[in-house]
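Lettered A, B, C, D, E and F in written order, each chain numbered from 1.
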Amino acid sequence: MSNSKFTAGVIPEMKRDYIHRLASKGTRIDGRNFDEIRPLEIVKGYAKRAEGSALVRLGRTKVLVGVKIEVGTPFPDTPNMGILTTNAELAPLASPTFEPGPPGEEAIELARVVDRGIREGHAIDLEKLVIEEGEKVWIVFIDIHVLDYDGNLFDASGYGALAALTDAVVPASRYELGDDFKLPVLHYPVPVTFAKIGNWIVADPNLDEESIASARLTVTTNEEGHINAMQKGLSGTFTYEEVQKVINMSMNIGAKVREIILGDSDGKED
Amino acid sequence: MSNSKFTAGVIPEMKRDYIHRLASKGTRIDGRNFDEIRPLEIVKGYAKRAEGSALVRLGRTKVLVGVKIEVGTPFPDTPNMGILTTNAELAPLASPTFEPGPPGEEAIELARVVDRGIREGHAIDLEKLVIEEGEKVWIVFIDIHVLDYDGNLFDASGYGALAALTDAVVPASRYELGDDFKLPVLHYPVPVTFAKIGNWIVADPNLDEESIASARLTVTTNEEGHINAMQKGLSGTFTYEEVQKVINMSMNIGAKVREIILGDSDGKED
Amino acid sequence: MSNSKFTAGVIPEMKRDYIHRLASKGTRIDGRNFDEIRPLEIVKGYAKRAEGSALVRLGRTKVLVGVKIEVGTPFPDTPNMGILTTNAELAPLASPTFEPGPPGEEAIELARVVDRGIREGHAIDLEKLVIEEGEKVWIVFIDIHVLDYDGNLFDASGYGALAALTDAVVPASRYELGDDFKLPVLHYPVPVTFAKIGNWIVADPNLDEESIASARLTVTTNEEGHINAMQKGLSGTFTYEEVQKVINMSMNIGAKVREIILGDSDGKED
Amino acid sequence: MGIKSDIRLIDDNGLRIDGRLPNQLRPIKMEVGVLDRADGSAYIEWGGNKIMAAVYGPREAYPKHVQEAEKAIIRARYSMAPFSVDERKRPGPDRRAVELSKVISEALESVIFVEKYPRTSIDVYIEVLQADAGTRVAGITAASLALADAGIPMRDLIVGCAAGKIDGVVVLDLNKEEDNYGEADVPMAILPRTREIALLQMDGDMTYEELTGAIEMAMEAAQTIHKMQIEALKRKYVEVE
Amino acid sequence: MGIKSDIRLIDDNGLRIDGRLPNQLRPIKMEVGVLDRADGSAYIEWGGNKIMAAVYGPREAYPKHVQEAEKAIIRARYSMAPFSVDERKRPGPDRRAVELSKVISEALESVIFVEKYPRTSIDVYIEVLQADAGTRVAGITAASLALADAGIPMRDLIVGCAAGKIDGVVVLDLNKEEDNYGEADVPMAILPRTREIALLQMDGDMTYEELTGAIEMAMEAAQTIHKMQIEALKRKYVEVE
Amino acid sequence: MGIKSDIRLIDDNGLRIDGRLPNQLRPIKMEVGVLDRADGSAYIEWGGNKIMAAVYGPREAYPKHVQEAEKAIIRARYSMAPFSVDERKRPGPDRRAVELSKVISEALESVIFVEKYPRTSIDVYIEVLQADAGTRVAGITAASLALADAGIPMRDLIVGCAAGKIDGVVVLDLNKEEDNYGEADVPMAILPRTREIALLQMDGDMTYEELTGAIEMAMEAAQTIHKMQIEALKRKYVEVE
């Protein structure tokens, strides 16, 4: 399989020149426009033992997100709210550069950026997840499992997390706490990530683009056009004008992605 | 001490040839028959702070197994059963190849194979270890402490675990839960391990034999001649006929070992 | 900054000779007498979110000690006593030889020697820290944070710990357990550390002296002239007469240090 | 094995709770070459199991001290996704996963010509995305395809299969309920051409006759599963080439 | 952000709970060269924050496999003392500290001429001794001074500053209560000369206008903070030289 | 030290709860060469303590970065078996074991001619199989024999011994109850020929006179224990050679 992989670290200078030359002509290594994301496909309900799940294909990047919901104790300072916790594993099957072992800084940043979007965007109505105030609440575990890494894990994981939440059912009956019910989803925050390549800015960078990008910016916006989270990465910088432009683009792209996430078939596998 | 040690890794080719030559003549490096185990000596009650213990000498392999019994909470899915937990430490004093640190895959496999025999063979009557259903039960900790490693830890540890259990007293009075009582032992599962050397199969391999073996098979049988656990190891294979033969031999050897374990003097040190 | 640092490992032979030559003339690399400690300055109340704190400057060694006090469960064997726990972090900002990561053996020994002095010297009246016998007690956390390492962390940390305890207030009102109250301090144990350099013994060794010392001895004494803790370190030895001398000196120096700790201005920063 | 219960696992017609006969496999679906980055990969659905396997290597073994001068080292890593089971599994390998990774590594090594690639590692990652019983044998079956997909030279396509005992009857390929409430489980890995046994574990309670019956049953089924493996490889390579 | 509460964060006069105007910074005090062993160091008090930064390097990067052939690696480590917060923090980095260390490392790298020191590491340690809100931006500001104190060549003195939203109003430099009960926080790091943005995070809920307003506000304030940095360096080096 | 209690540790006849006089040792039994794989080994029973010590080395120190160019490194590891104490000890070193390992390593180094074996490690493993009080000093005594058994050149056979204070009386060699309810403990390691002190710790409450009295008492007893060591070595080597 996988005949000619144009991977990170391999003849990077040549690749950099090539991608820059394309950019100067307004196009990209896979023919996309600067503000065009890769084909996005979402299969909800993929993992049947999860309370909700979604398999995301963003180009050749594949991420499976599972949601498990269990009973637990609330935090002392938020006795009347359920708990959200997000974890990411860069499984070593997804890339030759991922190693087994506890999550490294990349996995932790990924989990925290996805978590920030979901949490600050109030995707879940945590106040509806109280069983007994101060004593018993529902804990929602979002587990991001990266299967194939071809760039832009932030967005693939963020889409998977939101899709899995919209797919999720609270398993109340398993705990003899009444009937199961759909996890209450309030808002639909969607991240869009951009890479700075030379002086150009492209949406949804693939692995080749990521490997030569100088800076990265993720903006999470919701269905009202509000911004809920941002994360800049890498050692390059952005100008203020670039940031403004990125925020605007993230709203446009985010709106389209949101439709795909919400409109997708439920529980059927391709 | 220990002048000429014929250890693993040292001139292995010569050793392999020598052991194969002996095997072709029907004998072994220490003069044993193929189905003969090394001298086995068991001292019960060796470690006085343990609730039960046994020091096992199997040839030059030495293992000390201690049983501690404490009060704890049952698992939610087995509210009416005590808890068994088995742990092995390959203490670095036992071999130049053992390193300090958390248990590696060898120690974990060892603990799990011993545990499987004890658990699946129903050595302990866990239902008699309930103090208050769903609330309080006895937890039995089996700790395997390897002191001197000359091969075949599975069997030395398995014999030590069973012997220590038969030696063990539940310390009820320490917890003000009535009188102490003998740990209720229901069955006597005994593992026997075989190594494949060339096309020969030998029981109770010593370190030299282990170091050139292609495959390993442990079979745990009980006093009724039933099989309770098996574990094949190493990268070689067995034929179906070899497996049949190994199971049969394990029953015969196991019966003799069981007598030694049960017949041994109680609480006296040599 | 830090132009010519005369650090450990750099031309140690020359340094050793130089320090020995000075010692033979009765003096030290920084001009001190053998039984003279470096200038000691203590700022209590430095860290405002701590329940008590002290910044210690012992020569160029800087240590910040913070005390946090929280509610917890007593140990089963001491139901009528509060809990003391001491931790030390050799923060990598304090020395080029300190590495990030969990505490190594140096940090653990440091924490345990400081803890031993406080605990065995009964600095804190743990019996006054019971909220509900067997159920709820105050836990006192002493956290030693080394900021700049120029030798003799035992003493700088020990002084900081005692000073922070005398500065500490039990935050009862935060837990709705009545009014805040001063942490009850019973005794004032003070460690003094000596290094053996050649055949000379010097108090409060700085980093240069530590780096060539053959042996180290810390003696913790209280305001009654009793000894509460000792710790000998390094691979050299002491004669019995040397130990007697060290104990005597530790009482004299300890008495002076105790005055500085108790007399220092409260809550003001320099 | 062996949580006591009143659940009947075999009905009056000799059928199992999912309607199977004692010697019948659950439905199995395999696909080769499902991942882009890995050197070889495969996906298997086996009853309620969904498992992905990926192979990287032969590549220089790292860290260096694990290298062997005469051969490649085989490092299989069996891992369950946190959401693959009813009660969320904490990330990271537990003791069971460490043991399975070890015996799977040894079983796979039995078919690989490791002496061809000294100083390298061949890393096999088995990710259980949805677990029913029998994940290790399904995982080995998929790993075998992923190794073939990666072009690793092997003397046979190793096959995983389990048998066991429920309600006193020897049966093939236990599902989750049968595994929970049954009497014995015998997971195996078999070299279908020579019928050699590369992995063999057992737990529960069986007589000699039951156990040998179970082993024979699994060995027969391995031939069937092997045919599916060949079909899956053909689908990939006939389509592509 | 956003624990719901009835706390009013802005009063009828438009003043904040600590009496500040919306675009007003808290008091800031900086000192350079405060530690003896470090190659460079700085101390900052910013509102209720007390933070120390130390720099070691360029020095041979260790372990060797992290070395880069073409440049120095920047390793910032953000750490909170256990007693720096109300509820004692367990020692060792938590997930938040790992993330902050990463983005701070990347932000600092944007100004350092890393290509001058191949195979080395420049290690930046930020120790929060007393925490109010805004520790990461205060820490970057101190780290920048420590780098200068260590003589590391940089194209600018990077400045950290945050803005946010409380009671619906865009404000500069949130304190702890504002951070707890406010609506949004936007921590940034800025290159004051070129006004480039080297660190940018945000959480909460803001419209486009609010967010860009906050960014502009922080960028303005960065110029003020930059002047304080220059003053602090002058105090050190004018006194010394 | 010092759980308060009404337990009387010394009776009206001046005898201790196990019938000993204040300056009397518990029964001690030593055996050399008890393990096959180790380069040197010894076993000690000391009161209710059962401890095994093994030595490996001098061997190439690993990992390489711990090697010292001029000398062998001594790495003692003190470890308690989980079942060696009344309440099961979780496996792996706790903080106490880390500290004891450090001071024991330093004490042993004081007698070993480390400069003879540059770049090597001499690893000493002390395993407490059954614990009464005084495990560290019993462990050192056994380790010393194991080093001799391994043929490591030493300038003396180091001896461990403790003294302490109970019911206001200075006594030798505390047992478990005396350690729990007594007033002070002074564990030491002594070079019997020169009477140098290689390990010295203390905790509790003692006057200067009590403390020096305890140290003298332990130093005397060390001579007795040293004779037992010599006997144990003779038993091994006279029998063998």
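Everything below uses one rule, namely that contacts are C-beta pairs under 8 Å (C-beta built on N, C-alpha and C of every residue); 3 or more make two chains touch, one makes a residue touch a chain.
Here the structure is a predicted model, which is why all the values come from computation and not from measurement.
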item: Set of chains whose contacts include both subunit F and subunit C; value: none
item: Greatest separation from subunit C - chain, by CA centre; value: D
item: Chain whose mean Cα position lies farthest from subunit A; value: F
item: Length of the line joining the C-alpha centres of subunit B and subunit C, rounded to whole Å; value: 49
item: Centre-of-Cα separation between subunit E and subunit C, whole angstrom; value: 31
item: Multi-chain contact sites of subunit D, meaning residues that touch two or more partners; value: none
item: Residue numbers of subunit B (touch at least two other chains); value: none
item: Chain contact topology (line, ring, star, complete or other); value: ring
item: Successive chains around the closed ring, taking subunit C as origin and subunit E next; value: C, E, A, D, B, F
item: Touching residues on subunit B, where the partner in the complex is subunit F; value: 1-2, 5, 46-50, 53, 60, 62, 64, 66-68, 70, 87, 89, 91-96, 100, 102-103, 141, 143, 145, 147-150
item: List of subunit B residues in touch with subunit D within their complex; value: 77-78, 105, 108-109, 111-112, 116, 119-121, 217, 225-240, 243-244, 247-248, 251
item: In the complex with subunit C, residue positions of subunit F that touch it; value: 1-3, 74, 95-96, 98-99, 101-103, 106-107, 109-110, 186, 191, 194-208, 211-212, 215-216, 219
item: Subunit E to subunit C touching residues, read off their complex; value: 33, 35-41, 48, 50, 52-54, 56, 59, 77, 79, 81-88, 91-92, 123, 125, 127, 129-131, 149-150
